[in-house]
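Order as written gives the chain letters A, B, C, D and E; numbering starts at 1 within each chain.
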Amino acid sequence: MIVVDDLHKHFGGFHAVDGASLSVDRGSITGLIGPNGAGKTTLFNVIAGVLQPTSGKVYMDGEDISGLPPHTLFHKGLLRTFQIAHEFHSMSCRENLMMVPGGQSGETLWNTWFGRKRIADEERALKAKADEVLEFLTIEHLTDQKAGQISGGQKKLLELGRTMMVDAKIVFLDEVGAGVNRTLLNTIGDAIIRLNQERGYTFVVIEHDMDFIGRLCDPVICMAEGHVLAQGTLDEIKANEQVIEAYLGTGLKNKDKVGA
Amino acid sequence: MTETVRNTLLFGVIAILILFVGFQQSWNSALLIIAMGLISSIMALGVNLQWGFAGLFNVGIMGFVALGGLAAVLIGMPPTEGAFAAGGLGVIGALLLGAGTILLAIAVMKRMGSGWLRNIAVIAVLVAGFFIFRAVLDPSVARIEEINPAQTGYLGGLGLPVLLAWPVGGVFAAAAAWLIGKTALGLRSDYLAIATLGIAEIIIAILKNEDWLTRGVKNVIGVPRPVPYEIDLQNSAAFVERAAGFGFDPVEGSTLYVKVLYILLFATVLVILMWMAQRALHSPWGRMLRAIRDNEVAAEAMGKDVTARHLQVFILGSAICGIAGAMMTTMDSQLTPGTYQPLRFTFLIWVMVIVGGSGNNLGSVLGGFLIWFLWVQVEPMGLWLMTAITSGMADEAPLKVHLIESAAHMRLLTMGLVLLLVLRFSPRGLIPEK
Amino acid sequence: MDFLNAIIALANYVLIPGIAYGSQLALGALGVTLVYGILRFSNFAHGDTMAMGAMATVLMTWLFQSWGISLGPLPTALLALPFGILFAIGLLLFTDRAVYKFYRVKKAKPVILVIVSLGITFIYNGVTRFIIGADDQSFFDGERFIISAREFKKATGLAEGLSFKTTQGITIVTAIIVVIALFWFLNKTRAGKSMRAYSDNEDLALLSGINPERVVMITWIIVASLATIAGVLYGLDKSFKPFTYFQLLLPIFASAIVGGLGNPLGAIAGGFVIAFSEVTITYAWKKVLVYMMPESLEPSGLVQLLSTDYKFAVSFVILLIVLLFKPTGLFKGQSV
Amino acid sequence: MSDPYGDRGNKDLSIGNPKGMGSEIPQRGGTSFAAPGGPFLIGDGMTAGYGQGPDILHDCTIAVDKGEIAVIVGPNGAGKSTGMKAVFGMLDMRKGHVRLDGEDITDLSPQDRVAKGMGFVPQTSNIFTSMTVEENLEMGAFIRTDDFSDTMAQVYDLFPILKDKRSQPAGELSGGQRQQVAVGRALMTQPKVLMLDEPTAGVSPIVMDELFDRIIEVARTGIPILMVEQNARQALEIADKGYVLVQGANAYTGTGKELLADPEVRKSFLGG
Amino acid sequence: DGHAKEVKLGVLFGFTGPIESLTGPMSAGAEMAMKEVTDSGMFMDGAKVTSVRADSGCIDNGMAVASAERLIADGISGLVGADCSGVTGAVLQNVAIPNGMVMISPSATSPGLTTMEDNGLFFRTSPSDAREGEVMAEILQERGVKSIALTYTNNDYGKGLADAIETSFKAVGGEVTIVAAHEDGKADYSAEVGALASAGGDLLVVAGYLDQGGAGIIKSALDAGAWEQFGLPGGMIGENLPKTIGPDLNGSYGQIAGSQGDGIDNLVKMVDGAFDATSPYTPEAYDAAALLLLAMQAAESTDPAAYKDEILNVANAPGEKIYPGDLGKALELIKAGTDIDYVGASAVELIGPGESAGTYRMIEVKDGKNETIGMK
């Protein structure tokens, strides 16, 4: 569904993404792992249109989407969440969801003056949908809470919820797990799996927690120094020497030497 | 205290202040404050739209207001006889050439691969275009400016009803805003403030120096009015009779009548703009703006075209300032490019927005009235204060003379104090955003 | 000979005034840039701070002159400068206490501080006029020229004169000294490093044991000194007049931004870019060309790109072009 | 908008420089006094909140003794970071006391606590990005008047990669390296106690193991370590003492092993 | 205090804004005339004349109109002002004409105001640009100046004067190498001086204000050694210029509207150093106030509608010439029914629609003093 072909992204002299090529299958949950600074987030940003590629192409369903701005990609069904939650902090959780769908007639100035009726109808439908999503995420008690005042994990759920307001084709998740309590992370994982199975979303997931990756992802892609190091099931990856050396390591060396 | 009560009280205070002026000084003064307060409110409304709702810091209000003023001249003034024949076509041709040069440069920029060759080509196009532009423009301009320079010496206007100039002023300002927005909002870092500041200065420089267009510093005097002239009213028996019926002498009756007419016109514009702004803001469009303000990156990722939205708001806000500018020039009956100063037309409007309460349209109206009131009434108050302070001193005491002469400077000082006090004790303005 | 004359004409009317004006702008821009970098806001009150500091110096100079104290060939104002600086320091520290500190403690966003500084501008402005009046005040004394055009012509026998004023000399020398001192201070001393740390990350600076109030105090002290020096040098070179200091704010900001806001090196570069763009783009090249060209090719017109009416506009166009291609300014902005 | 001093979403770089503005910190200028007994560092019965806001911590107690590693775990938004900041005096403490080495330091400002020997690595923005690695370390030693080149050498020994990157701006480092700089900076203070807030968030497994190794080494030198972790299972494995915070209050306390063994804790807080 | 009644005159100048440094002496000048009239005890059976000041902001139409309304509300009988042409036009159209108030501006020179339909209410004591241009051209020609560079302050006064000088000088066969504007109150004038110097010319004529950019230009030009002599139109003639520039100005010359003999000297003597009577437009302001009061006396009424037609009569010949300090005498003469010709400090001669065209004094700076070297 997504094909990345020999992508490069350079910051000055630094090659953050250095010839990455990979593909993502429709309906899969693909994991993306790699050491810090491997270029994972940069790769996401290039695919999602936040950064312009230095060279190389990105295709979605055979169409060249390299360098398109994020809002255009959104309308093509490509959505992403952020490593650090990007909620609209002064708006309620419901509003956070209601603002998502594109092409609302109330977003045209003319209609706000002379098309009140149509807007009212649309708003009613949107509200119903937003409430449904909040329920799905089990945070319906936060409906009217300002999004700036909910906990970090709940913000991540809300981020996920935004992708459910439209018919997304593919969703990029950047470290949903970092700093999130493991129990909550399991809930998020459940939500991802349900979306994948019930709605047919394709996911690409960056994560450093191998348990989480193991539960969700097949296949797993490991990046290092800006290019793809290995690709396969998690077990295959875990057995890969290079991956172990660059990324996984061999565990604590002196954990029993401490104190009492 | 509920919000409504509080707001009513605040507006009540303004009303009392104005009534006080009416009783103490004259109703003409009071009505004049209302009329200018309305215009100020409209400007503040435009800035508030940009700042309060989209976080765009516009420090070039002066330029947009001045463009509105230009519209009043170009629409309202009669055309100068023979001026168009003398150089009108030349000027238009030159302007088209200029625009063509820029388009050509952009085309070259887009077509050629980057590198020093492209830079040289672009510069060459621009320089050559510039000289051709000057070669066509200068003689035409000279011919236009030769026509009775003391009285005209410019192209003149279209001689249309001056009310038409108000929307046209909005369009002029919008066009300039589009240009600024396209450049500045497209910069990787947002440098809108300095861009607007600079372009406003450029607009004023053009108005001051392009005599063929605006008579430059020689000012255009006698822009037609949308309301009757007092003198005509005073000479009309019917009016004098009616005024007498209300107990006014002809002079007072006519001056008040004209001001009331202006106030009605301005109030109509303000009400329409308020209605449009409020409706837009309480709709998905407004929600989208709030989302963009909260988090641009996320809004972009949620499919909202942030740059286009910013551009739209920036254009709308500037257009409102342009409309207000045209209204002001209409009321002054003259265009005086030299009067456009950042202090008066940019920073003062900002004080109105901040003191009134940014993000709240009612606040802008309040700020517009309050600050305008202070702007024109602080001087007599300061004088009064200084007289009170120095009442014990001998008439010729140097300190007394100095203090009384400094009374005029109290205005700026008071503005500063009001601003600081409001920001200290009511940091979100007198009528804060909900 | 003609070639020499052309060079001298260019130096006299473009280079030397450009350098002197550039130094003046640079000194002003340094103050603006420091406040931006460390205290995080664009300080609209800087122009009027310059006016206040210069005013104190002017008053002090008059006092000295009335006592008959002078510095010989150098202007007496230099002797009064330290007092002006002290006054400005007192003023800024007081303002900080009374106004800015409140917002700093509340972690008000920069934009609020910008508006607050606008209020301060109004107040300073009123106070300056109240104390010294709105008129032009001249307080220059001592030797006016290092080289005057007349002497130069006599000495060299050239047709063109070259003049170099004492104030221009002092301005340039001071600008160089101040910039070097500031650099040394910021990059090598403990206090300077603590200022950079504070500007980088306030909370972490606190966690490292840096006293933020001290950093702020040092910043204001430096800014007050810079503002007074800039204000006095400007006043010596032209004349002291409260109204122009507010007007000076615009080119100063343009300089700071062209150079990259928050970057002291950038402020210097920006000052010169703005000064030279004002002087060169509107310069009429006729004189130079007449010397350089063979007689048959001598220009008939003025060979002026734009009339001087637009000199101010030109500096803004340059500013926009720089930002279009280098959004962070000539030197990377926002770091001290 | 609730924030009266906010910027209305303005990003205009020509008017303000939003970088590294920091958070609202209460002004206090009290003194410390002797309060002997108890653990080396204890935040005792802390009730605290931000600014005028509601209480976030409710009668919460956190303590650590010499040579120990104490780990705080809990759901997101439980108040773990808030607890750390409260111990460091960075927010409004409404009830409770903080005692360090037999002294009550509740009324001291954060700077004074640094001077008393506390070192803290916050969860976010914990390095000076525009300064070089070496300058970052120097800033760590800001309050020291003695020669700190020895300590610097030790830090470089501990984190050899930093020695290679000593003159590179810290903002150009990768996530894991940044965490090492942050910990190194805290060590430069020669703290009597070290507090770390999620030092391993977002770092790759190999770096995480490395960091835990270093932390154990530091603890072995006798410096008590108070640490917040979401990688709770690894952290509790090396912990002498564990706290589970829920909604700002102590929910479970015990040794690391005990907490790991408790099925309730595992299910609700450690992800099964 | 013994005065039968009080007559108020409005003084509407820009006490703040770009010409704030000029308006102090201007208003003092106007008030000097009022005091003189009051002290004479001859005015309207011993009426007292008081001045009501208001700020026009010089460049703020809105404020100026509001201030003017306030003056009207205060019950003024005549208006001295406004100062800058922009606000003068605004006040004239929106306040003076509707309220039938007579206004005499000492400084608004814009020719646009001349053709305004003003109902005979607007006058000015400032000299006419066209006349001054001719005078200047003659002086230049007499001194053998072949070519000039010309710079003007970028407002209606500077622009109008520059146009007049350029036309007149070209008409007598002179060459104008460049005409460049300068803005008042700017930080630096090296760009302007650079362009002017490059264009060259025997003399630099500075049609500006001595307390504003004009002084800046001269300083800058002297510093660069571009010119050593300057042509100084009226706005540049005043005590302050030789004071600020110093001995380098010696030898520069120009002209200012003024009458032979007593005129300005009387005023300077009367002022006795209390303010700078030679500051631009200060004599004109004195004359404006004096004219208003004399006309009132002539009409024996303070009603503008009644006395507006008397202004031309008292200002112009025939009649006995009146100079500063003679106001008491003038009032007496008027009462006695004798015709007067007010000359005043700036040689007032009102022609056509209320414009001044007078005689000019040729000035040369000698030893740091402006000296009158002849009349034109």
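Just so it is clear, a contact is a pair of C-beta atoms (placed from the backbone, for glycine too) under 8 Å apart; a residue touches a chain by one contact, two chains touch by 3 or more.
Heads up on the chains, UniProt names are A, D = ABC transporter ATP-binding protein; B, C = Branched-chain amino acid ABC transporter permease.
This structure is a prediction, so every number in the text was calculated from the model and none was measured.
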Chains touching both chain D and chain E, listed by label: B, C
Contact-graph separation of chain A and chain C, given in steps at minimum: 2
Per Cα centroids, the chain farthest from chain C: A
Which of C-D and B-D has more C-beta pairs touching across its chains: C-D
From chain B, the most remote chain by mean C-alpha position: D
Between chain B and chain E, centroid-to-centroid distance (C-alpha), Å: 32
Distance between the centres, which are taken as Cα means, of chain E and chain C, whole angstrom: 36
Centre-of-Cα separation between chain E and chain A, whole angstrom: 75
Junction residues of chain A, two or more chains touched: 90
Per-residue multi-chain contacts in chain C, two or more chains: 42, 103, 108, 111-112, 129, 134, 253, 257, 307, 309, 312
Touching two or more other chains - residue numbers and ranges from chain D: 1, 5, 7-8, 10, 12-15
Every chain pair in contact, whichever chains are involved: A-B, A-D, B-C, B-D, B-E, C-D, C-E
Residue numbers on chain A that touch chain D, as the complex places them: 33-37, 83, 90, 146, 148, 150-154, 175, 178-186, 208, 210-211, 246-255, 257-260
Interface residues, chain D side, partner chain C - complex: 5-8, 10, 12-25, 27, 88, 90, 110-111, 114-115, 120, 122, 125-131, 135, 138-140, 142-143, 185, 189
Chain D-facing residues of chain B, complex: 51-52, 54-57, 189-194, 292-294, 296, 358-359, 427-428, 432-433
Footprint of chain C on chain E - complex, ascending: 16, 18, 20-21, 24, 154, 178, 180-183, 185-188, 190-195, 197-200, 211, 215-216, 219-220, 223-226, 240, 243-244
Touching residues (chain side chain E, partner chain B) in the complex: 15-17, 20, 24, 53-55, 57, 59-63, 65-67, 69-70, 72-74, 84-87, 89-90, 93-94, 97-100, 110-117, 119, 154-156, 158-160, 163, 181
